[in-house]
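Note sheet for the following structure.
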Amino acid sequence: MKFFSFFYRKNKYIEDVAEQGIEYTSYYQDSFRRLKKNNAAMICLSVLALMVLIVIFAPWISPQDPNAQSLKDALRGPSAQYFLGTDEYGRDILSRIIYGTRISLSVGIISQVLATAIGVTMGVLAGYYGGYIDSLISRVMEIFAAFPELIFAMGIMYVLGPGVSNIFIALALLSWVSTARLIRGQVLQLKQKEYVEACIASGGASFQIIVRHLVPNCISTIIIMVTLGIPGAIMSEAALSFLGLGVQPPTASWGSMISAAQSYISLIPLYSVLPGLAIIIVVISFNIFGDGLRDALDPKLKNQ
Amino acid sequence: MLLYIAKRLCQTVFVLVGITFATFCLINIVPGDPVQVMLEKRADPEMIQQVRHELGTDKPLPEQYINFVEGAVKFDLGKSYFSKEPVMSMLLRGFLVTAKLAAISFLFAVTIGISCGMLAAIKRGKPTDSFLMMIAILGMSAPSFWIAIILQIIFGLKLNLLPLSGLDQPLCYILPSIALGTRYAASIARITRTSMLDVIKQDYIRTARAKGVKESMVFIKHALKNALIPIVTLLGTQLGNMLAGSMLIEKVFSISGIGKLAVDSMTNRDLPLVQGTVLYIAVIFVVINLIVDLSYALIDPKIRYGKGA
Amino acid sequence: MIRDNLLEVNHLKTYFYTDEGVVKSVDDVSFSVQPSRTLGIVGESGCGKSITLLSIMRLIENPPGKIVAGEILYNGENLLKKNKEEMRQIRGNNIAMIFQEPMTSLNPVYTIGEQILESISIHRPELDKGEARERALAMLKMVNIPMPEKRFNEYPHQLSGGMRQRVMIAIALSCEPDLLLCDEPTTALDVTVQAQILELINDLKKKARAAIIMVTHDLGVISEVADDVMVMYAGKVVEFATVDQIFAQPMHPYTCGLINCIPSLDKEVERLSTIPGMVPSFNEMPKGCAFAPRCSRATQRCKENMPELIDIGERKVRCFLYEGKDTE
Amino acid sequence: MQKKILVLVCAILALISVAGCGNSDTANSGKKVLRMAAQDPQVPLDPQKHTYSHLLKISDQILEPLIIAGDGGQLKPLLLAEMPQLKDDKKTYSFTLKSGVKFHNGEILKSSDVKYSFMRLLTEGKMGNLIDMIQGADKLEKKESNDLEGFKIIDDTHFEITLTGPYVPFLAAIATDYVVIYPEQACKAAGNDWGIKTLIGTGPFKLEAYNQGTSVILVKNENYHGVAPKLDEVDFKFIQDPNTQVMEYQKGNVDLLQLDSALYPTFANNEELKKDMHSFSPYGLVFLTMNTQKISDPKVREALSYAIDRNAICQDLLYGTATPAKTFIPKGLLGYDEGAAEYAYNPEKAKQLLAEAGYPDGIDLVAQDNTKYPTYSKLLVAIQEQAKAAGIRITINQVDNAAWADMKHSGKMTMAVSNWYIDYVDPDGMIYQTMSEKLTKQNSNFYADPIFNNLLNTARATLDSSQREAMYKQADQILTRKDYAAIPICNETMFYLAKSYVKGFNVDSSYRYYFGTTDIQK
Amino acid sequence: MENEKHLLEVHNLTKWFPVRNSIFSRQQNYVKAVNGVSFSVKYGETLGVVGESGCGKSTMGRTLLRLLEATDGAVYFKGENILTLSKKKMKEKRKDMQIIFQDPYASLDPRMTVGDIISEPLDIQTSIGRKERTEKVLAAIEMSGLNPKFVNRYPHEFSGGQRQRIGIARAIISRPQLIVCDEPVSALDVSIQAQGINLLKDLQHSLNMTYIFISHDLSVIKHISDRVLVMYLGNLVEISPKQDLFTNSAHPYTRALLSAIPSIERRGTKDKIVLQGDLPSPLNLPSGCCFHTRCFMAKEICSQKKPELQQVGKEHLCACHFC
């Protein structure tokens, strides 16, 4: 229940009409009730919660310093000292995977939050004002969309140079278009709604309409877009790091681990299998949870 | 209909000009000079100047851009700074390789995806459905390059069944195609399922049943065709992404396709090649989108008869 | 006056199993239809009238819906005992159905002609292509579609709502069914078009000798097409009578309320009479008579016990008020 | 509608069939074909213009210089009847061409071809500096003249070359794979197709096909002027991924490949491969190059040297495929200081030096990493971690090859792991080509010690071997022990895998792959 | 002085929606939704607007309130042409005019509580204190026949009838003088519909409001209106006091409309007028009288000349050549 407390409307009438025992459920409470029934989504949510804990407590959880090299122990299989073996510098693979979670999750979440900020602004502007603004934004979106994702991300990384913060920007630039499109479409629909007309009929100005009606009604879409965008961003980060355009050494990232491990694939297969599995677990969790969230929040979105 | 195509083409030209302009600007912002790469360790200023003059990169930027656009209109994208090969022929070579790979992966993804999606939709709520969708979400969640590596280890190395790299015999296509196609197959299966389930709820499906149409025909004749629109939309973007995503697979399987060309040209700042590759990929992307839009018309008479245009 | 029943529905129960609980959409409904007669089923939305029709066609989505009990005798044979293939042969051939939304009930990707032909080719496989086409065109003519040859190759979106409903009727009648089920066929149409369609249905009834079950919420429509009327409320039959009886002398308080709350074109009243409250949702269904909470004549007994459907002559009514009058 | 679908299906099927019909393996019945896994050079096969080692592995089979450096750097005439004679002025060499040497197109090798090749190298080639001490070379390069003054053609087989002054490494320089001789007519005629569609030399193999991006196919030169080659065909298959190369080797699809050092540990204990694994150590060095303007205090640079554990890097990171370097000039070249002390790993000493230099709390440095060379990236990561112990905090800044070249030439680079493999077997090729004042400006090093530069300039003109040796030893000492302008790290050992039936093949220390004497005996 | 009697006067109100055919064609097409409609509404009366779907009655209602910008014409509200008012002045005017929508699902923002929805006009128009606002909201809720404890609930928890009451409460909270009721009861079940109609009538009396009541249902129109305006394809075809219209309709369309309604009372009467064909597209209006394509009385003149509005009785106007 706490999860959605952020979205509760602060109720202005609650004290004025002190009526005990009235059960009222907000849209989000209702959605959460639906979500709770979805076992798979809840399992994934707990996996993600676990991941978040790992991210926060990485220094305490990881058995070793992820960057501490012990060249003598390089490329060892699992042992008591190194649960999952070591990489080519004798660094503990487990610790690096744990620290890699930080990169993956932060890349996923921050890039999507950025993308959403851009996408929602653009989408609302284009959808609400229409006309020239819409044409301009739509053309820009077309240009952005005419690049295949990976090529586009690579291009930006070349311009910005490698590094985590640049990945945030690249992936945000990559994914804002889909958010903007969806939001634009939704705003176009919402704009036609009679409650918006009612607001105009009451004298509401554009800003009031956007803030009171359009954005709040897009929030479920936004949440869904963020949740379902994260796995994509994580995959893209992995792909970029795999191509050597990702994080800077010695930072651990799953994609760069797989890339590095490719040379030792038959020597210690675990080295490439494990970060891959880590990606799969996180991505699957986000996907299933995102699906569940979508079903709970807005079943109509399924096709998009 | 014709007007619609003409309108789309106009938009396309606009997008392409935007793309080349953006690419041109970007490559001139990116640090790194192709001439210095070409001359490697022995680059002294005179030499650099000389080569620049040869390549024409000492001209003012607007002139360079206009030259490029002029050439592009005449289907002449210039020659690679490095290999001296005409960019067009390099692209064609790379494209043929990647297109074959992507086409096979696409076919794999479409057949597997649509049939699994249909099956899941027909068996909705049953174990088959859950199982297929579990597989699908697994397939969607695994990075393709990782799948490629795993396939390589299992089928190429441990079982020694299939070739590991290159594309010089038909068997070579199997592993890269699967690695490339898996993700797309999974997402196609998912969208097919949801789209089918959506369509099945429609009134006209009930009408068909009320007419006494066989259940199998209800799915194949009445539902699938209507369900195709979101599927086709997805297929369009997927095919484009497949062409781009193949660069990871190309890396793993040592295939010299368009993806490798894109990466190499970027690392060398081989401007004509970068421009060419980007333009080429964008053109393909745009063409695919055009085909997708036109295929809507094939599927949906509303668009064919101009009402929606 | 004893007629053979073409269709006899006995104690039909269709329930929907949802997350929130069991919805008894059709709860112990019995009625019968005779050839060449029109039965009107009337009730507010959610009273189970459409579900009754879908149950007859056995087109209830399972899950969540399920026909739990009862029998549907068509020419003496229980449709609920038929297997899928037998049922499919009956659908569209012996029993046909028209739906409420002409806009969405036709498949948008096939031409009108293809959709009529499909029905013919399923149930009349002996006809060759040309004959089938002839027949389809004849059907289009029969439902008064102008320029049938042209329309034949058009897609549903090119037709107006009224035309589409005509096409639906043509499809339904293409195999000369004995029984035509109409699920609110005119609700989505404008009044002038509604009048056209009702006229068409009345015409066809005369020509085709088919029995019709007409489901609607509009008592006006009922009054124009039905011979018998069945009033449903919350999944149950509350009154059954001929059309003249119903309007001349409604018995059940719900029927009375329904008739009275429609603004009249001929009488002038200051205030409309209303039925207070609203239809109870399935999870707050009262223990006794479902209508009791809204009924001005309800007694304590109504609140606690569900009255039975009582026969009063040829009429039936589910209300304690008429207990003991069945001997009349 | 159905028809349209049918057409669509047909189109797709057609696509598959096209895809399916790749060129299947031609049956090599009885022919001796050597298949080598190689990296795609991505450029025309013209070693005068492009200098990648991937390219040389191919071009060395086709093209030949006048003189060849044998194993150990011993110069031998190849296209010459005898070694060139140095005249008394100490700067003029006279040459006699071996008679009857034919190019692949049947033309006879003439003096004019040699002159043409030299002039082409000077005007268009990348490695003109190898021969720019020929009289008039600078004028030619600056387009002030159309002729190479110092090159005198006497007749079709005789010519003389006059240098601007005494220059000892000259013969070694013209023995490199870049100073190859092209047929004048054919080369001019081919224009931009040279190295792509045609490439004609005098070597033991002829270029059959260069399938850009895919492969190169060479066939035996039946009219070779030397010992007839034993192989009928040499195929270079471009396989990008080193791991895939080995997998293909294991499957028997290639017979030879150079093993990526990263893969060494994977296969070092593989019994199957171990017996096919052969090592060679080309003359060269991996070193840390520093921008002496940005890291201007030699004490800091010295500290860095103390902070690197070369033994650990060589033994553990590089699995013994490298040995710690102690001099800039590698073993085997004149001027190598056998007695030089090994560099010590001493973080405490490093800290102390830093403190002396004014950094008691350690120092932050930026290092550039060229992503094109993963092995050196690896070294840098190891150095980064080791230097921490000495209080040197290194931030690695990954850049791609183009950005790297740009940074290097514009002086923006601060520190990088670099390498150098000699082009010609002479200490001059090692130390002058990297550390002379003229060149350090161009590679962001900016080292310009007058004594050091004087030593380099004198040594290349000194004919006396022992004097030269002393000078180079001294220069090396100044560079690596006093100023620490470049910090030697290690000398790499390289490996190639060759199937046991590949006979008569080895890679010498000038890093030359040569299949002229190779045979396949199954 | 005549003006004083009229709350609203509409002159030649026209609303055309441009339809973009393609970027290449210069020719602009229009959906001619409302074509030169003129009428007036007196203080405190209910003007019923009736017509089939697509006849432009909803568009007219929205154009009157400037929810859509009119293409041409003038709307005098209390003597002031509101179509030319500045945004700011218009905002003030909006206090006096409100709208109730047809769709009880689309007209309430699902993310707002009932209290927030109802108080929205207040929030936008005024800056009154919280207490006063709560009082007003609760008053409006009660007047609309809702339980005040619903104030914190969300719209999706209500039935259609209750939602429509919420919409009504929102419309009346700022005590407007004019309410445009756009098919307020047609989405409701019959038994609920009657409740809604009664509520609207009661409110009109107690708050002294003027209604423009749009509906396709003649029986509802008849019940609630004082005068009735009949529209066909964006044109006013007949306007008349209620009694006159229903007993003595002049326009053939009105007659057909009246006759088409299935009615319990008129059961069995055989003299129905069933119009043939469908409504023509508002993109290409028929020439002359727009009804001539379906009219059972059509003569040659009808396709050539557009009929003017003519007086046929007291306050009874009709646009037909034969009335």
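Should a chain be cited, it is by its letter among A, B, C, D and E, assigned in written order, with residues numbered from 1 in that chain.
Methods note: a residue touches a chain if its C-beta (ideal position, glycine included) is under 8 Å from a C-beta of that chain, and two chains touch if they have at least 3 such contacts.
Computed from a predicted model, the values in this text were never measured in an experiment.
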Hop across touching chains from subunit A and tell me the fewest hops that reach subunit C.
-> 2
Give the fewest steps needed to get from subunit D to subunit E, where each step moves from one chain to a chain it touches.
-> 2
Please flag the chain sitting at the greatest distance from subunit E, going by CA centroids.
-> D
Farthest from subunit C by Cα centre, which chain is it? Let me know.
-> D
So what's the Cα centroid distance for subunit C and subunit D, whole Å?
-> 89
Rounded Å distance, subunit C centre to subunit E centre (Cα mean) = 33
Where the centres are mean C-alpha positions, what is the separation of subunit B from subunit E, in Å?
-> 53
Do you know which subunit D residues sit against two or more other chains?
-> 241, 371, 399-400, 403
Specify, in ascending order, the residues of subunit B that touch 2 or more different other chains.
-> 30-31, 152, 157, 251-252, 266
Residue numbers of subunit C (touch at least two other chains) | none
Please give the residue numbers of subunit E that touch subunit C in the complex, ascending.
-> 52-53, 159, 161-162, 189-195, 197-198, 201, 216, 218-220, 222-224, 246, 256-267, 272, 274-276, 278-279, 294
Quick one: in the complex, what on subunit B touches subunit C?
-> 125, 202-204, 206-215, 222, 225-226, 299-302, 305, 307
Interface residues, subunit A side, partner subunit B - complex | 139, 142-143, 146-151, 154-155, 158-159, 161, 231, 235, 238-239, 242-243, 255, 258, 262, 265-266, 269, 272-273, 276, 279-280, 283-284, 287-288, 291, 302-303
For the subunit D and subunit A complex, residues of the former touching the latter = 241-243, 260, 262-263, 265-266, 309, 312-313, 315-317, 369, 371, 377-378, 380-382, 384-386, 395-400, 403
Hey, which residues of subunit C end up touching subunit E in the complex?
-> 44-45, 160, 162-163, 190-196, 198-199, 217-221, 223-224, 243, 247, 257-259, 261-267, 269, 271-276, 278-279
